[in-house]
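In structure tokens below, several structures.
Okay, so chain A shows up in both of these, paired with chain B first and chain C after.
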Partner chain A sequence: MNLPLWARNEETYTPSRDRDYFISRSLLRVLTVVLALRRQGRSRSFLTAPGMLAFLAVFLLLTVMARTLTFLSCQLALELVILCLLPGKSVGRILGSALLAALFSALLVSPALLLGSGLQVFLLPAKSLLTVMAVGIVTELLPWHELTGALRFFRLPQELVFILDTTLRNILLLGQMAEHLLTALKLRSVGYNRHKARALSGVLGVLFLHAQHLSMQMYEAMVCRGFTGEYPPMQKLPSWGGSLLLLFVLSGLGLLFACLEGGILGRV
Partner chain B sequence: MKQIECHDVCYAYDGEPVLRHVDLAVAQGEAVALTGPNGAGKSTLLRLLNGLIFPERGSYFFEGWEITKKLMAEHKYSKYFHQRLGYVWQNPDVQLFCSSVAEELAFGPAQMGLSAAEIDERVQDALELFGLTRLRDRAPYTLSGGEKKKAALASILTMNPQVWTLDEPLAALDEKTQDWLVEFLQALKAAGKTLIFSTHEDRLLKQLADRQLVLNSQHEISLYGSES
Partner chain C sequence: MHIPENYLSPSTCAVLGAAMLPVWLMAVKKVRQEVPPEKMPLLGIGAALSFLSMMFNIPLPGGTTGHAVGGTLLAVLFGPWSACLAVSLALFVQALFFGDGGILAFGANCFNMAFAMPFAGYAIYKGVLRAFPQRQLLAAGLGSYVGINLAAFFAAIEFGIQPLLFMDGAGHALYAPYPLWVSIPAMMIGHLTIFGLAEVIFTTAVLGYLQKAAPQLAQGKAEKASPAVYGLLALLICGTPLGLLATGTAWGEWDAEELAEQDYLGSALGYVPSGMEDGFSFAALFPDYAIEGMPEIFGYILSAVIGTALLVLLFKLVASFIGHKTNYDAPAHES
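Then we have the complex of A and B:
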């Protein structure tokens, strides 16, 4: 086999100055999502998914209904106790996003403080902080595949569970593919590129085609393994220990809510 | 000075060691095969050689430059480095992102600022060499596995790197395409290019490799052929 003359010679190439933050930033975003999904492998058998989802729903309901900072402080104390049991990296991640949400809310309501609304103004940022922290903690403790299983436990429509299930699986697979495509693009972007957005749109186009192909293949593979469009409800009953603990904590919260927000309940 | 040198390189994913105390020296024009069981760290070593990840301990030198995160953050050097060192992925699907084969092949030379005539010449030569001329306007996504592999190789060839790193180059190819690919890699070697490839195939070891480097399941080099 004869290589062309230019391929037999050594290339003398001096790159011009050009920054590729555009590609690097896109790559970083994709990596963040993929890493977040990859972390979702651990399962805590002590606390079951349906129990945790039910707990989260009631917890958030109480947060929304609360009208005093005292009750919200109690909820915060509970969340901080749970955070103490998590690894440092997870705590940093959860607190980071929660504080960001709280700060954003605080910025939105800050004009009300100038108009003399008092401490009540801080209710919204506090609720944002609690809500994002609660969702972050549940996400950290609950793998995605258990989430879809738990949805069937609550008898949600099969179509919704199927769409959520395949979406979560595809996000991970396509995320990995996007990571590789962007890396390949970065490796070959060795010069001044005035059409970075065009190159990235090529990556998106390829991803779209793969997404179609992948979902079709996944559905066929599921059919070949006996999938008939039905997700059977979870057979495994929630473990008594974990459920009792959640019920106990929830009862305590309910009691606190009744005591501290009693006036509100009376008015309702 | 060797073209590529690794001294006591260690790397871990989430605290799990993937490379342990890897020492490696590759001279210009050498063909080095990386072998070992699945999960031994072959692909990780290739990623490290391509400056995609960096040693947690030890050092990696490319043509005398220590490849560090800081150096690769310098855009001018990183672009020079990526032109000198081509990476062919095991799965060609993740390497092809343009809307046609010709565009895919022209991407690298266009980045390097070559003239339109030079780009055209390289694309045409590569299409002919790889037997892809009739597919020049086809979307890479629609090609067969072997054709995709050829398009991926051609897209690197048009950049004319001095060092080729290939991850399982013969994987999932039929006998005929494998024969062709071995011949192509031999031609690259004859042209003085450095080749570093991971493989499980005996034929690549026999027909191409100057040296074999075995990464064992402990992620250490257990067999290191004599250096040329």
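Then we have the complex of A and C:
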């Protein structure tokens, strides 16, 4: 095939260096959130959501009330064993955030170490490690929709559940939209472009407008499908096996707490 | 067999650490080549097995204690390079969190228990298996016996050369005070008899159990741990307080002051070697597997749970990092 002359000319176009790292960075961040919500599609545990939430509440309460590293190390053992049963990627994520929190609180209390407060100084970093790890494990095991369902189980106001539920859904939808917009921005801006930063604020504006439309549309769609603003409490009763296991572990922890913090074992 | 802090001079520790460096590098390379990421968590369970076996202390007349290591068992199950890495990590967790074995002496401990033991044990195992192909248990038992004794022999030599090399002006040893003619018999008598036997029993019992309960694993073909393996771990964890029955400590392992009253040289030593008294000290999180304010048995079980979980998690994390790399530079369709 004979190409016209102008098409046969070799073109040497090297675009000047441009910084669009911030777009990739925002894109990555949006995708991580969307992925985190997406991954939580199905229930993976035989433990029920209300049971786990109640367990988490008592567990955190005990952590906060503990005054010795001994009881905290028991809790650490329990959390490590549960972590062993999770996939490696989630373990890395949970441990990473927990260690970061512990490091931050260690930095905060480090002056106390210099003032000579002894081992008690390490209580705060240990507690932040444990609490962040516990919350990480529960969110890993519980899908979002079960979480909102469980909140209703505890008779939380319907408005609160509704707001939480719609927020989570909207984050997912808007995240997808943001992903499309950012990809479009990245693809269409060829070469050096000084208006990229301004375009990014445009993306945010479009997202905001869409969010308003979305919320209206969703509410209308829900009303059309018979939503009366009521979230009926879960009909399904919690499974006995899982609840019993949780109760057993919890009573064991309570006993340990009474013994170690109440000093019963120390006196024996 | 764990060499505590300051029993070896820093220079000895440095030499043995330097000797281990290429071994570790090679082990990492080999494991990366040979062990698929899916099998990594299994290796963590192997390391946990070794960790637990080292918590079962056995008393010996004369006041010292010893334990099985499980290095040969791991070599049989996963190959010697993987065993080297797994035992090294078990020793690392012990040194860092439980103060069992020194941080400075980590290289020396790894040389004895993570390098000499699995490789020697595996060589014997392969040799015997070649002669008697149906006798896997016998081969593993013999291998483990030779492995632990070789490791003990190396440890004895490392102890024994200290007074020859490092003395102060008054003729007092700076580090471990017993020369070769005391250290070698003292270590070897125990290991040739009771500890060697303990290692053989541990190795063959676990291997025998795995052959029945998880035959895939015993033949090195399993990709995932079966419930039977987790059951074995749980059983071992519950049994660890048995290790507390041994009350004696080996050569002032947890307290250097004890050394002054011991009389391996015919009369009481009479002094605490200065290098041990004011040497490097490291405060482990749970020293001697004890947790403050807790009865010994609970502390021991809790330490076992934490150590086991840490090792399993460590290998899981490593597997998730090295697993499934995508090569974006590869051509889309290779033809």
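Everything that follows uses one rule, which is that the second predicted complex is superposed on the first by the 246 of 268 C-alpha atoms of A that agree within 3 Å, B and C clash if a C-alpha of one lies under 4 Å from a C-alpha of the other, contacts with A are read in each partner's own complex, and residues count from 1 in each chain.
Definition applied: contacts are C-beta pairs under 8 Å (C-beta built on N, C-alpha and C of every residue); 3 or more make two chains touch, one makes a residue touch a chain.
Nothing here was measured: the structure is a model prediction, and the numbers come from that model.
S.K.: Please work out whether A:S97 is in contact with chain B alone, chain C alone, both, or neither, and reply first, second, both or neither.
M.R.: After superposing on A, A:S97 lies clear of both chain B and chain C.
S.K.: Which partner does A:T68 contact after superposing on A: first (chain B), second (chain C), both, neither?
M.R.: second
S.K.: Of the two partner chains, chain B (first) and chain C (second), which one does A:S215 touch, if any: first, second, both, or neither?
M.R.: So A:S215 meets neither chain B nor chain C here.
S.K.: A:Q158 contacts which: chain B (first), chain C (second), both, neither?
M.R.: neither
S.K.: Is A:L76 in contact with chain B, with chain C, with both, or with neither (first, second, both, neither)?
M.R.: After superposition on chain A, A:L76 lies in contact with chain C alone.
S.K.: Thinking of the overlay built on chain A, is A:C84 touched by chain B (first), by chain C (second), by both, or by neither?
M.R.: Only chain C; A:C84 stays clear of chain B.
S.K.: Hey, is it chain B or chain C that touches more of chain A?
M.R.: B
S.K.: Identify the overlap between the chain B-contacting and the chain C-contacting residues of chain A.
M.R.: The overlap between the chain B and chain C interfaces on chain A is empty, containing no residue.
S.K.: If you look only at chain C, which of its residues touch chain A in the complex?
M.R.: Its residues touching chain A are 41, 286, 291-295, 302, 305-306, 309-310, 312-313, 316-317, 319-321, 323.
S.K.: Once bound in the complex, which stretches of chain B touch chain A?
M.R.: Chain B residues touching chain A: 50, 52, 75-76, 79-80, 82-84, 87, 89, 91, 93-99, 107-108, 110-113, 118, 121-122, 125-126, 129, 141, 155, 157, 159-162, 183-184, 186-188, 191-192.
S.K.: Please give the residue numbers of chain A that touch chain B in the complex, ascending.
M.R.: 1-4, 6-11, 13-20, 177, 180-181, 183-193, 199, 202-203, 205-206, 209-210
S.K.: Using the touch definition from the top, list the residues of chain A that touch chain C in their complex.
M.R.: Residues in contact with chain C: 68-70, 73-74, 76-77, 80-81, 83-84, 87-89, 91-92, 95, 260, 265-266, 268.
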